[in-house]
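What follows is chain A paired twice: with chain B in the first complex and chain C in the second.
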Partner chain A sequence: MLIRLISGDTPRSPILAAILLIILLGLAFAPFVFPGTRSVDTAARICIFIVLVASYDLMLGYAGIVSFAHTMFFGIGAYGVALASIHMGRGFDALVVGSVSGAIAAAVLALVIGLFSLRVRAIFFAMITLAVASAFAVLVSQLSNLTGGEDGLNYQIPRALTAAQRYLEEPFFGVRVNGKLVNYYVVFFGSLIVFLILLRIVNSPFGRVLQAIRENDFRTEAIGYRVVYYRTTATILSAVAASLAGSLFAIWLRYVGPDTTLSFDIMIDILLMVVIGGMGTMYGAMIGATIFVLAQNYLQNLMGAAEEALQSVGVPLLPLFLNPDRWLLWLGILFVLSVYFFPTGVVGRLRRRG
Partner chain B sequence: MPDPILRLSGVFANIAQYHILQGVDLEVPAGAVTMLLGRNGVGKTTTLRTVMGLWRAHRGSIVFADRDITALPTPAIARAGIGYVPETMGIFSDLTVEENMRLAAASGPIAADRLDWIFAAFPPLKTFWKKEAGTLSGGQKQMLSIARAMAEERRLYLIDEPTKGLAPAIIATMAGALRDLKKQGASILLVEQNFSVARLLGDSCAVMDDGRIVWSGAMAELAGDAALQERLMGLSLEAG
Partner chain C sequence: MSAAPDHAPTIVRAGLRDRLAPHVPLLLIPVLIVLGFVSIGSPSSWLTLTVSGLAMGMMIFIMASGLTLVFGLMDVINFGHGAFVSVGAFVGITVLLALGGMTGSPSLALNMAALLLAVVAAMLATGIIGWGFEKVIVEPVYGAHLKQILVTMGGLIIVEELILVAWGPDEIFFTRPETLQGAFTFAGAAIERYRLVAVVFGLALFLAMRFVLRSTKIGLIVRAGVENGEMVQALGYRLRAVFIGVFIAGSALAGLGGVMWALYQEVITAHMGAGIMVLVFIVVIMGGLGSVEGCFIAALLVGLTQNYVAFLEPKLALISNIGLMVLILMWRPQGMMPVVKAK
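Up next, the complex of A and B:
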């Protein structure tokens, strides 16, 4: 049953299986194990980024397509929910309509980009996606009447998903059972379902053809597969999954803006998460997103604590390096080291050992 | 002589600025093995790749089973029933042996008796069925490459130097499998440098030089005439 659920794609390494299980259980019980607004917010972001990174891995790791337009699809899903919630009023129907229309818009755009540019060489495709994504970001920031411009949009989601809605008078295992908790589980199960669907896709015959194309597109054509069709379909599926991740993000945050969904910084983050976790593995997305989002959120705290500890024992100079303001430097060092020691990503390394 | 299943008429093909094929006329009879021989660099591989649409013929026509395939895209040519085994062992090294085979059977699952036949011809493929193809030895990769073409019944097999760089024992396995395929009545166009293998398998034969066919006839005729062999393949010929 479990093997079927993960489409027969077992972790193939006991250590990897243990890590994935810890992440899954950690996320499933995050509101109870790590109570507090910040930690639950971090857990929700991890869930959403796992889907976003996994959908990117479908393109980069499985089909070998380098795209820089992934945040655009993420943004389309998020703005879909935001616009629907504003224009239709708060309600679950707005969330569904927003998510579905975002996904459709993402699919159509991916189809157009794919048909026009997947025939060209990989480097040109990457450049085209970069141009389209930049143009889209500029468009969103300029159409301020519709999108709120650089300020973004605030909107209301159904009360049933907000902290104002209480479901139980008494806390359950010390946690208040309110709409925010329900919202977290909408994000968690939504992400889980999309992730399992992605896992199913890459382990299907379709996924095998994608892997064959990644390795050698001429050979794949010579055994009868239309490469453009497969590449375009992969781009569309990936765009739809990214858009759904964006919708979940919008439901969770109740805010969308260019910086939180469309910025090129997020695109770079996604790339790093795929590489750190391990390309072409899907499970790499889980590990990459977890490490990255945790580092983004907690590295500063960790460094602050380390700095204080070192200062209190009187170690010279070193506390200066551990000043929380220098967290980006350490994040960078962390990435360089991880790429150096895990060139095939954490999953690739663990599987080889297993 | 049976009707040709493949006919190339005056095929010209260029790779960048090089004129590789300069008017290839070739007929491949159905239900027989046609050897395509010639020295290195005369255009044998390019001929096969041009049939597959991997290089484009800019003049001439390629007719397969009474259908002009000259301008068809490669996948359509493959799906018309041509199994192609490239010189470079076109396997997918990241996929398992099983996945490679299933991928090759584009029209559906591989028939059980066909799989048994393939396993009997190439026992290592059964042993390493679940292994990544990249971990196989050179000979095993070549076996997989040919087995992939055999995964389904094809109307024509284009096989490019299947014994190149292989140990004699593996060459024998390879020749045995090809002879088996021939016994089933398959139509095969085979590029081969190993003359003893060519003599063993070939029914008819075409010799290329300088981008065109300079001699064609029965394999037995060429095999029995050492002077002809020397003239066609040992020395450079005057074009035309």
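Up next, the complex of A and C:
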């Protein structure tokens, strides 16, 4: 049953299995184990980014397509929920309509981009998605009467999902059982379901064909698979999953804006997470996203402390590199090193040893 | 036994149509300019926009030319190219700011000397960084596109962060050298001096580059290498060395483009290179990978479209370039003047 649930794709390494279990349990019981607004927010972000990164991995790690438009699909999902909530009023129907229409829009856009640029040569796709995504971000920030422009949109989600709604008078294991908690579990289970579906997809015959295309597209075509068809389908599936992640993000944050959903920085974050976690394994997304979001939230404190320590000792120059704002520098170096020395990331390393 | 049939080979000259076909894209520029004239209506605004469009196109061309050659030669796509633009801008502007005495004086000669120093410093810096970038980041991943994209992207992040370490996180505002400020009026249209300088300079650079590629031996090797690298190597040329040279030159050109772009914008940020890369990629794709002429035409088209559309319908400026690219690719899927065979 359990094996079936994860589509027969077992971790194949005791250490990896242990780490994944810790992440899963940590996220499942995050509100109880790590109470506090900030840590629960971090946990929700990890859930959402796991889905986002896993969907990107479907394209990059399995089909071997580099796309820079993934945040665009993420943003479409998020804006779908936001716009539906504003125009249809507060309610669960708005959330569903927003998510579904966002997913459809993402699929159509992915189909158009895919048909257009995947036919010519794969490398065009990287450049064209970069151009399209940045044009989309500019468009969103300029159509301010529709999208709120740079300020983004604030909207209301059903009361049942906000902290105002109390379900139990007494705290349960020291945690107040309110709508915020329910909201967290909506995000958690939503992410879990999409992740398991993605796991199912990559372990299906379809996923095998994608891997074959990644290894040798010419040969795959010769065996009789329409490479363009498979690549485009992978792009669409990945776009839909990304847009669903965006919808969950919008439900959690109750705010969408270009900086939180569409910016190129998020795209770079996704790339870092995929590569550090491990390309070509869905579990890599789990590990990459967890490491990265934790680093984003807590590494900066650590670096700040190190900077102050060094400054007080009087070391020249080095504190500049340890400035908390420079955390991306270290992750960038880690990224380049991982592409060279362990392209299969943390997961590939652990599996080989296991 | 019958005699062998007469063998009289004739070389039929290709028809006019076939001979002209490769040059058709050249016509697009005048067509676009006329189209702009018709849709804008007012001649003076049209002239202003055309000059600034051409200036922008020239600067994009300077940044994109290195990228397209590097791709053509070694099939290396460098997503970190934008980093050189930023580095060039920062180094160049730092030199200009240090030479405040020279840039502040109204003398053209002093201004130009300061500018020249800034450009040389920027090109030296980006050339050296380009050399290091090629050695450390690009060389280990020859032949693997996926890794190239990822690794050069990583290089871009690192270089951007290093700029932030060296120059701090704030935007730097500055003013152009004294004699390049302001505008003059020509036929009722206000034309910024700097834009005209950029157009002239870009055109000169294009002609120089064309001369090097067409009329010198090194240019011959580079062009032959783009078309068929293995053959060039078989003939005994070390293509690898040529490639490193082109990479360094391309990086230095990006640095030069960065200085010019910075002077155009009068503000620099660490992310400016990554921002302009979007246009650079559009230009490289439209022109046809590996083609300097195609790149030049595409850059002018993009610059003009951007300026015309920004005047007519400001919100559609960037979208219009994507639309232009889509149209061009529907017409010629490999770009306007493809050189590299689909690999």
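Assume the second predicted complex is superposed on the first by the 312 of 354 C-alpha atoms of A that agree within 3 Å, B and C clash if a C-alpha of one lies under 4 Å from a C-alpha of the other, contacts with A are read in each partner's own complex, and residues count from 1 in each chain.
The rule is simple: contacts are C-beta pairs under 8 Å (C-beta built on N, C-alpha and C of every residue); 3 or more make two chains touch, one makes a residue touch a chain.
None of the values given here were measured: they were computed from a predicted structure.
Colleague: Quick one: is A:Leu115 in contact with chain B, with chain C, with both, or with neither? Answer first, second, both or neither.
Modeller: A:Leu115 sits against neither chain B nor chain C.
Colleague: Who does A:Ala309 touch here: chain B (first), chain C (second), both, or neither?
Modeller: Neither: A:Ala309 stays clear of chain B and chain C.
Colleague: Which partner does A:Leu318 contact after superposing on A: first (chain B), second (chain C), both, neither?
Modeller: neither
Colleague: In the overlaid three-chain picture, which partner chain does A:Leu25 touch, first (chain B) or second (chain C), both, or neither?
Modeller: neither
Colleague: Go through the superposed model and pick first if A:Ala163 touches only chain B, second if only chain C, both, or neither.
Modeller: Neither partner.
Colleague: So, A:Ile193: does it touch chain B (first), chain C (second), both, or neither?
Modeller: Touch partners of A:Ile193: none, neither chain B nor chain C.
Colleague: With the two complexes superposed on chain A, say which partner A:Met88 touches: chain B (first), chain C (second), both, or neither.
Modeller: Neither partner.
Colleague: Of the two partners chain B and chain C, which one touches more residues belonging to chain A?
Modeller: Tallying touched residues of chain A, the top partner is C.
Colleague: Touching A:Ala222, do we find chain B (first), chain C (second), both, or neither?
Modeller: First partner only, chain B.
Colleague: List the residues of chain A that touch chain B in one complex and chain C in the other.
Modeller: No residue of chain A touches both chain B and chain C.
Colleague: For chain C, which residues count as touching chain A in their complex?
Modeller: Spelled out, the residues of chain C in touch with chain A are 77, 79, 137, 140-141, 145-147, 149-151, 153-155, 157-158, 161-162, 164-165, 169, 274, 277-278, 281-282, 284-285, 314-315, 318-319, 321-322, 325-326, 329, 333-334, 342-343.
Colleague: Considering only the defined contacts, which chain A positions touch chain C in the complex?
Modeller: For chain A paired with chain C, touching residues are 60, 64, 66, 116, 119-124, 126-128, 130-132, 134-135, 138-139, 142-143, 264, 268, 271, 275, 320-321, 323, 325-326, 328-329, 331-333, 335-336, 339-340, 343.
Colleague: For the complex, give me every residue of chain B touching chain A.
Modeller: It comes out as residues 52, 54, 73-75, 78-79, 84, 86, 90, 92-95, 99, 102-104, 106, 148.
Colleague: Could you pull out which chain A residues touch chain B in their complex?
Modeller: Where chain A meets chain B, its residues are 205, 208-209, 211-212, 214-216, 218-219, 221-227, 280.
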